[in-house]
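The letters A, B, C, D and E name the chains in turn, as written, and every chain counts its residues from 1.
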């Protein structure tokens, strides 16, 4: 379209300029040190992963990956047999059908995170956009405080305050007897666990989301306001869009936290390796579950028992893998946003 | 300086062990002071087997094939296990058959139990598989072949069972002596579940507390164990007798 | 040969005089005197839309605009000039109540749109009718298309109980979007890639995109705060033509530091100093024989 | 603002424009619903928070006696009669300090590397996932792994050696080490988020002055994300303070902090102990101690500690050179994350 | 009467002609012709510092600067003009190798500083000698003092090397900082509150702070990318004088869209179009009788 530039032939290929000396000694040293540090941490993590998987191997190999994740039989029974297996010189048994535990993990984590994300996104919007200054000034440190409350304390509140209440007010005789032959309903159950878990992970999410909502560039929101788009729509279409990477990050962190939460859940989840069944309608919410992490803690006494120990490591391995996949998923979810200039 | 005498293991034995250790150190300030950690029975067994600690407190009987070889179990005391029900349901007695029927899930309703003040489904509270108390309960009350009904709620500690039973009218469960406050300790085979009866040997539901060493106890460890188990050691006797059953 | 240029708009060379901008060429070429007014299409009728009556504005306790009275008419362009900090932006922002967003900003005096006090109007309704383009280009982090469609999509969430929020399909929106882009003189540059991120455009293109965004809402009054300060002469030319062309249908207020620009586009000029309206009059009068001393000083020391 | 106290009078004495009619009433139903949801969520948050805090307050205060704070716990079956929890308090402080001291620098360094260098890319990606993975690992697994590591012979100086001659592997050092791993993800992610939000031209301005990346990071980038680092660290400390498994497995959860060897502090750090959390755990029905009253009291003290530590961190995050203006609420806490350039 | 204004720098009213800016007034007042060059102090000698030899720059595979050859001399101001996207900024950034931090940017051709190829120089050393001021004012989130001191502090600490070099105390730095602020014409405005956060300053002040920051490092070449496009006439005036004053000691390259500005400050002007250097010559020559048609078109259509 325009006349060929003079001597363009010489400019044909990017002649990469003479080997440029980039950065001073100190700078390159810094990069190396930091890089080494990162590698070190990674190494440690890798070592841990390998250890766990090595220990976990027999469990997987005996049941086969498919078998391991299937359902079948009473998982608690299977665990007990492992504990005493090898007694009287018999071979240790590894038979396990872990689906109920997985299902428990999925239920508690999934529900808690779903509720948590919605709730904390709205709460964050409230804190950043609508809350009167004094309220904000009070609530912000308190949210942090909540983030710092140990899970044991939540567990304590759970078993001493919430579980009994649920047991008295929400569980009728009829409901109990309806599933009597399958499982026994008690104050600590799926809904209690989910509730407390949600309360536990919310602060982290609120903190992260609101901080990034607060960082939405003023010109964007103003620009939207200047077009006569009301405050809510502006938040909805501009602020939330900009904050999405943070929301994702928050979700990842929270999910990971929920996956790994053990103590509290072992206190209030009902402690039965039972696959709560949605078909039971409302009752479903009051059926006991026991997520993987809680199972590990509850049986950690038996880590020395050969087969049970290996099995527990296998559960740990599963948790690790899912956490890793989780972070990958989060990363992938952020990619499309980058190209529109939303920095993640 | 003398190396520490590291003790680790069962939380159930922990209170006893700490008191013994304190007294022991008072008696022989020169000797290595026992340092009591608390984890779990099997963690303790692991530690002692790997030589990480010198003595492990264990609240369950040895299991062949599970326990590493070459461990020496020394019985130091006995603890009792009580059946407990909600205080709204002060049952006067349970026979072995009744207990087995209830815990295996054959009997599912209180109305089938003579003397119960409540009706409706029985809420069973079990302990998780790895617990020493559960192991003891299994051996003492059920015997090898019976199993606790799978529908039972498994709690992770005496305290949780106590707590659950306290807050559930229809509940029944089992705990060590120390956890009968606020609930109804059910007499077993007509014998009230009390420390006295257990000491006198009438009450059957007792289990053993062990201290485990790798091979025969060595220098510091053996001194401590001798002191604990020697039959003419007033101090130790008194401490044990305060809440447990002395056996020497 | 340099490798072939990928022809997506971000890469596309900016418009050069022939052929696309010969409009600009015509007004510009051979006329060494930058003060010459742009060739302006005759305006059928001049109607007063907004009226600013002895308006004062304060941040906290500090009055930065004092007792300003001005008419805003459709059919002519009103230029606000004055040194930095003289309150131009503040005054401009008060016209669609953007000042209310700023904490601690207070207003006294009347501002009316078609005789109705603006605080009687629903604020978003008002801002939809009186839109603003800022000094810094601020495209949203979306595709070019979405940026322009934004106002359109949102506008049917107008007043009224939850009017069914039927999302208008892209097909429906396309004509309006394209039209807006054309009017902002951006279309030929970005036609090929409406789905590219707006933030990848060059500064000038971004600013024109913002203007397109504002036009898409079909406002009745258009407020421009130094729209060209970051642009090169050619983009500026495009936008100035656009402004002059628009004044037929839209009442326009433009804040500028560039006196030549004010002279080229404005029919009336208001000179502000330290928050006071020093002089208001027709462009010729203010520039060629200002009544007040201050004004003369300012317009003569023609920096910019 | 203070000056507004005196009613403004317009230059011309014209009446001030009345507070504009709230336009929310005019929003479409859906939007108003959203708005209400926000308030609902916000209020719910406040209520839940208040409920928890009050519950702990009431329970805690009713059982808390000053003596508890200064006595050491005694071994006894009925913990409700056995001393206070001085040692756990000390333990908590020690462990948290140790863990944070390890985690904060490493975390910030990692974040800086991830956001400023991140070469080679694959390594960066892996590190990122690895770190996030830790967040999902039950701490008991970390603990067991830690025990394996720290009972290695060459790490004997970090813990004590049994009469049997092999390494105990349980000590404040060991626990602190693993705890720092626990806190890492939170610190890294919040710092990275913030660094990513700093516009490029700020970095360039520094490079253009001939400053190295290192200097730029150290003098320009990190200072401007201090608040985010702070909130990351507070969240991280939360994890550390709140963890039980690691304390039980790696700290021994001995009632009293028992040093090992001569040097005062060092011996404590090499020795075993317990934290308020593990104390609460063992005294809650979950543990054998079974003295809920004490658990509550301890839990309350724990919360107070958390509050105190948060306050300290926030204070530090405002930095020594912070002017009053910078210490204003706007620059603090969640709001503080509004990066200066986004005005 | 409006209540008294709290007199702290942040909301101190911007400088207006009397009294503070009578410097600007002087050059401005009574000079109706904006093209008039600024009164320029005689320059002892003109020395070539940098040389750009047939430099081409590409982003990815796309050449945005082609075969440009230019001298950069101390003792005179070189202005780069040209339409948006013509590669001015890119070229400017390549002079202190800022292009290297842009992913995918490649360079061909030679750039020398005092005859030495800039690749041979240690990059931070180079950038300390050849500093740059950007289009948007971007002070760091520190106090005003710290902003300037930052450039002064020699220490370039990485890990390991640590802060081996002793950090100069504030007392030691004060004179240089003040000097830099004075040279940037900012001192009298901020003297009272050197410890206030720099981000509280007005746009003009911020930009001058950035210049002060750049000057503090005592650079040999100063690159300015549209330093005034965000500023008002008075701030602009101050900065232009500053530039003209500096050219004695520093070689200056300025990118601008504002032709009047180019004429006021520049000794030599380079006109770029689509990445090519169309014309290079003395300011008078380029503006009054350009050799190339393109140039004529551009400078005659004196928009902006």
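One rule holds in what follows: a residue touches a chain if its C-beta (ideal position, glycine included) is under 8 Å from a C-beta of that chain, and two chains touch if they have at least 3 such contacts.
No experiment lies behind these values; they were computed from the predicted model shown.
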item	value
Chains in simultaneous contact with chain A and chain E	C, D
Between chain B and chain E, the fewest steps along chains that touch one another	2
Two chains joined by the most C-beta pairs in contact, as defined above	A-D
Whole-Å gap separating chain B and chain D, where each centre is the average of the chain's CA atoms	38
Centre-of-Cα separation between chain C and chain A, whole angstrom	48
Intercentroid distance (Cα basis), chain C paired with chain B, Å	83
Where chain E touches two or more other chains, by residue	2-3, 6, 61, 63, 66, 124, 156-159, 274
Interface hub residues of chain B, defined as touching at least two other chains	43, 156, 160, 163
Residue numbers of chain D (touch at least two other chains)	3, 6, 8, 11, 23, 31, 212, 214, 249, 284-286, 343
Chain D - residues contacting chain A, complex	23-24, 27, 31-32, 34-35, 37-42, 44-46, 48-49, 52-53, 55-56, 106, 109-110, 112-114, 117, 119, 123-142, 144-145, 148, 181, 184-186, 189-190, 193-194, 196-197, 212-214, 228, 231, 234-235, 237-238, 241-245, 249, 277, 280-281, 284-286, 292, 295-296, 299, 302-303, 306-307, 309-311, 314, 329, 332-335, 337-339, 342-343
Residues of chain A touching chain C in the complex	1-2, 4-5, 8-9, 11-12, 217, 219-220, 222-230, 233, 237-238, 241-242, 339-342
Sites on chain E touched by chain D in the complex	1-3, 6, 96, 98, 101, 124-129, 131-134, 136, 138, 140-143, 146, 150-151, 155-159, 195-197, 199-200, 210, 213-214, 217
Residues of chain C defined as touching chain D within the complex	54, 56, 58, 60-61, 63, 66-67, 97, 100, 104, 106-110, 119-120, 122-125, 157-163, 165
Parts of chain B lying in touch with chain D, wherever the complex brings them together	1, 3-6, 8, 11-12, 14-19, 21-22, 32, 35-39, 43, 50-54, 156-160, 162-163, 178-179, 214, 218-221, 242-243
